[in-house]
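Listed after this line are the structures, all set down as structure tokens.
Across the two complexes that follow, chain A remains constant while its partner is chain B and subsequently chain C.
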Partner chain A sequence: MGHGKYVIPSIASVSPIVVQAGEVLNLEFVVLPGESKDITVFVELAGPGAEAHLKGLYLCNGDEQVHFRILMHHRAPGCHSTQLFNGIAGGRAQVHFDGTIVVAPDAQQTQAYQENHNIVLTDTAKVETKPQLEIYADDVKCSHGATVGQLNENELFYMRSRGIPEKEAKTLQMLSFLSPVIPEGREEEILLSLHHVLE
Partner chain B sequence: MLQINNLHARIGDKEILKGIDLHIGPGEVHAVMGPNGAGKSTLAAVLTGKPGYEVTEGSILFQGKDLLAMAPEERAWAGLFLSFQYPIEIPGVTITAFMKAAVNAKRKAQGLPEMKAGDFLKLMKEKMAFVQMKPEFAKREVNVGFSGGEKKRNEIFQMALLDPMLSILDETDSGLDVDALKIVADGVNALRSPEKSAIIVTHYQKLLEYVQPDHVHVLKDGRIVKNGGRELIDIIENQGFDQF
Partner chain C sequence: MAEDIIRQFTSSEYKEGFVTDVEQEFIPKGLNEDIVRLISRRKEEPEWLLEFRLDAFRKWQAMPQPDWAHLDMPEIDFQDIIYFAAPKKDKERPKEIDPKLAETFDKLGIPLQERDVLAGVVAVDAVFDSVSVTTTFRKTLAEKGIIFCSFSEAVKEHPDLVRKYLASVVPSSDNFFAALNSAVFSDGSFCYIPKGVRCPMELSSYFRINARGTGQFERTLIVADEGSYVSYMEGCTAPMRDEQQLHAAVVEIVVEKDADVKYSTVQNWYPGDADGKGGILNLVTKRGICKGSGSHLSWTQVETGSAITWKYPSTILKGDFSSSEFYSVAVTNNHQQADTGTKMIHLGRGTKSRIVSKGISAGVSQNSYRGLVRMGRHAQNARNFSQCDSLLIGSRCGAHTFPLIQSQNPTATVEHEATTSKISEDQLFYCNQRGIGPEDAVGLIVNGYAREVLSRLPMEFAVEAQKLLQVSLEGSVG
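Up next is the complex of A and B:
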């Protein structure tokens, strides 16, 4: 890090959402079962103190394909970005998550965080997650993390031993996994979709 | 209440239970004691239907029904409860949400409507007070960040709330200080009735000083090697399990 040539990845052919000094951008993404989606987002933090907060939720099954390409470009100093994407894949669904944070040489005192967490429900669902950091400044706080896991068997048995049916126990687990990324007022809709994914 | 006949069970290729016979009548409290590795926890796991255990021979009747044919949740609806040796943490799910789902699932299975929110919260409050759990625990995530004692108390709270016919307490006394042990014991004693039964699984006598069993069984190497009354507890305390 801090080495190599400062280049913006190819995603930059999409026109960026430019956040100016002192502005705050909040974006929420929700992908529910029933369609494939290809979502490309390019955010440019162009003025000092700009902020961008991205949240994403995806639920997919069948043969659906969901692809996120995110580029968070810190161009100016003192900017702050967060990204949290949580998703569940069932059936033969395929998920790709490519998330890149680029911090320009002048963008000192950057704070940039990215997380992508996934649960796969079947052996045939596939998740590929590629978080990347390209940092060309030296005074920055950046982190990224990605996980791909399954529903926890011990939790499921504990819930069932108390009388909660298997499907409902799974739903509770998935709901709690997704809760940090569920937009306000959409809980009911997400709950219905979870039932759909479990069928 | 419960009839276990010639129960054999294994995990993978390893046979753990090698022919268990145990009959528990209504209102009776039975202690199952034995050294580590005797099969005590396997017995509790098989009774509650934990995945991964295979019953190769024998039968279990619970209130006249074939217990082994039932899913774990169906066993709970029928009135079976296990207090876990190591209670599981469920991040993101509050105790209130957890217990509400449990209570209403049983009511649904019985053809009853969901409990009214107000009635449910009142019931929760009452049972939490019963095990001296602070009210703020209602909003905590299940067992997340709980101390050992708090986890065990949460098990007894769930037991009180779900009001089972047969409770299995798997090493509930392990890791408890005397005060926590007394609270747990008081909880268990208060739930004793002429209809309700309990199995206390333990490898030492601590809890049995406070909850007096009617019958004591010694489990060793997958078999019950001795049946008796409370006098067995003292014999074990003085001479250990090697004598059996």
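Up next is the complex of A and C:
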């Protein structure tokens, strides 16, 4: 490096999940209402062509504190990583998302994507999101996106004008918002939790 | 061949790097309460301002220098800096501008004579090291009730206004460098637009560092009263030197109800040589407050200079339905480092903000975007959109994005997106094949990439900025 400082967040002290050449890592997280969670994940893409795909879902409607800390370290060339975290915060919940992608100086041809989308339901809930990119190589495709918003009024109106009750319409909206991150076979469970959140 | 080009440009292209040979007065090196008193006395300041400085100085002494930025900051010896340097006035003709100074600003393309063609639309406050040399068009502006003068004059002529607004946006204890500035600030611009007045010309400040071993600590205060409008520009340059020089400024902007302020900067400090020797350390605090409802503040910045940039122009959106924008292009080449971005603090109902940041890194430089968007509890229906793109030229540079989004309101909407990419071989090939050389092609692509920001600049600045982008990146291909 010589010049400039190379910052890696403090979670680097956690032992990393090392993904070697040709390996694929899939991780899925689900945080349901009533659970306070502090989730720290450190992934190291150590061999050329390694892949890591992370998905996360969180649903809070009480006093939960949910904290995600993700570090995706691209150390080898040609690696591919995706991250998608979608969540809904109601009640007095506090949600923090800290996600960092680091691309080391020689990790050319890296593809790294990160997304974090949030819906805030109450004015006592708090969402803080910190998607970060640290890139030291030039031949890379990296992007991140983060949004914090609410359920779309127009969608709600559309459904209600067609006879769908408000609660059901909202459930459908939330379900569609979360659907990309719902693990296979857990749809029923999530649906139940959504009903719970709206009560 | 490529190395030749790099050497040529880095050694010769910073054309503002000359030194003006003018007799100057200095105060002794170092920083202590006596120095603060000396600066205050020299500027014949009232007691309250001296108290303000001393208070800030005491706070500064207790503060540690921040190190959270993504910068490799050299140790700054605050005792090894001269805090005040002024060109000597000719005793026989105290009212006139030293021809050498006039010549300097002329060479920089800054009109100090009101008859100049360009001057017809721009009023200039020219600051040379620690003092303001002259402010043009004061009379024309005064007819409309607009006050535009150097900070020192404002303290003497409009003490009530200065006292009311000074440090109302950036308190002296805000941060390490703001505290330092509050203690030792020398000169800068003061601008007040009265109720309902639309400023007929662009107001501009030009900051020039000349003396060796000094630092520049200017303070700018802009107040736009109800329903007024002003477009304000800031430019700056410094000579080429082996030593690094400190520039720690504070800019405060107060925007009252329905007022509109447009603030544009083209930062062209000396960036240091190809080996990272010398250059300006630009450690600046800029903040505005949209105080009244319906007020609007727009920041546009083009950063090509300085060895290290630490700068986050921010807006506090306090008034209901107020809005703010931040457009930025930051270019780093060779060993330059930039950690820049913005803060949008949404407090009022229906407040809106938009952030467009374009970073370009080349050589072995490091370029970071750091931003904060906060939606307060009462920011009903507030809205923010942020876009931060990075362009990498060369495999040894770095581009980083550190946004922070905090939302405490269920009706607020925040969107952030960032991408990182490089100039593709295809784009270059396309240009080369049509007879456009590699450097021109990069210039073309970069200008296209930064267009969204450049198009926001006032006309005079836009032309200069486009040229600057080209020059800053020359030698970075091949």
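By definition in this document, the second predicted complex is superposed on the first by the 195 of 199 C-alpha atoms of A that agree within 3 Å, B and C clash if a C-alpha of one lies under 4 Å from a C-alpha of the other, contacts with A are read in each partner's own complex, and residues count from 1 in each chain.
The rule is simple: a contact is a pair of C-beta atoms (placed from the backbone, for glycine too) under 8 Å apart; a residue touches a chain by one contact, two chains touch by 3 or more.
Quantities reported herein were computed from a predicted structural model and do not represent experimental measurements.
When both complexes are superposed on chain A, chain B and chain C fit side by side without a clash. In the superposition on chain A, A:L172 makes contact with chain B only, while chain C stays out of contact range. More residues of chain A are in touch with C than with the other of chain B and chain C.
Touch criterion met: A:A125 reaches chain C, while chain B stays clear of it. Looking at the shared chain after the overlay, A:Y158 reaches chain B, while chain C stays out of its contact range. Once both complexes are placed on a shared chain A, the shortest Cα to Cα gap between chain B and chain C comes to 15 Å. If you check the complex, the residues on chain A that touch chain C are 2-5, 7, 105, 108, 118, 120-123, 125-150.
Taken together, the chain C residues at the contact with chain A in this complex read 70-72, 276, 335, 337, 364-366, 375, 377, 390, 392-422.
Chain B contributes residues 48-51, 71-73, 75-77, 81-82, 84, 87-93, 97-99, 101-103, 105-106, 109, 158, 162 to its touches with chain A in the complex. Interface residues of chain A facing chain B in the complex, by the touch rule stated above, are 153-155, 157-166, 168, 172-173, 175-177, 179.
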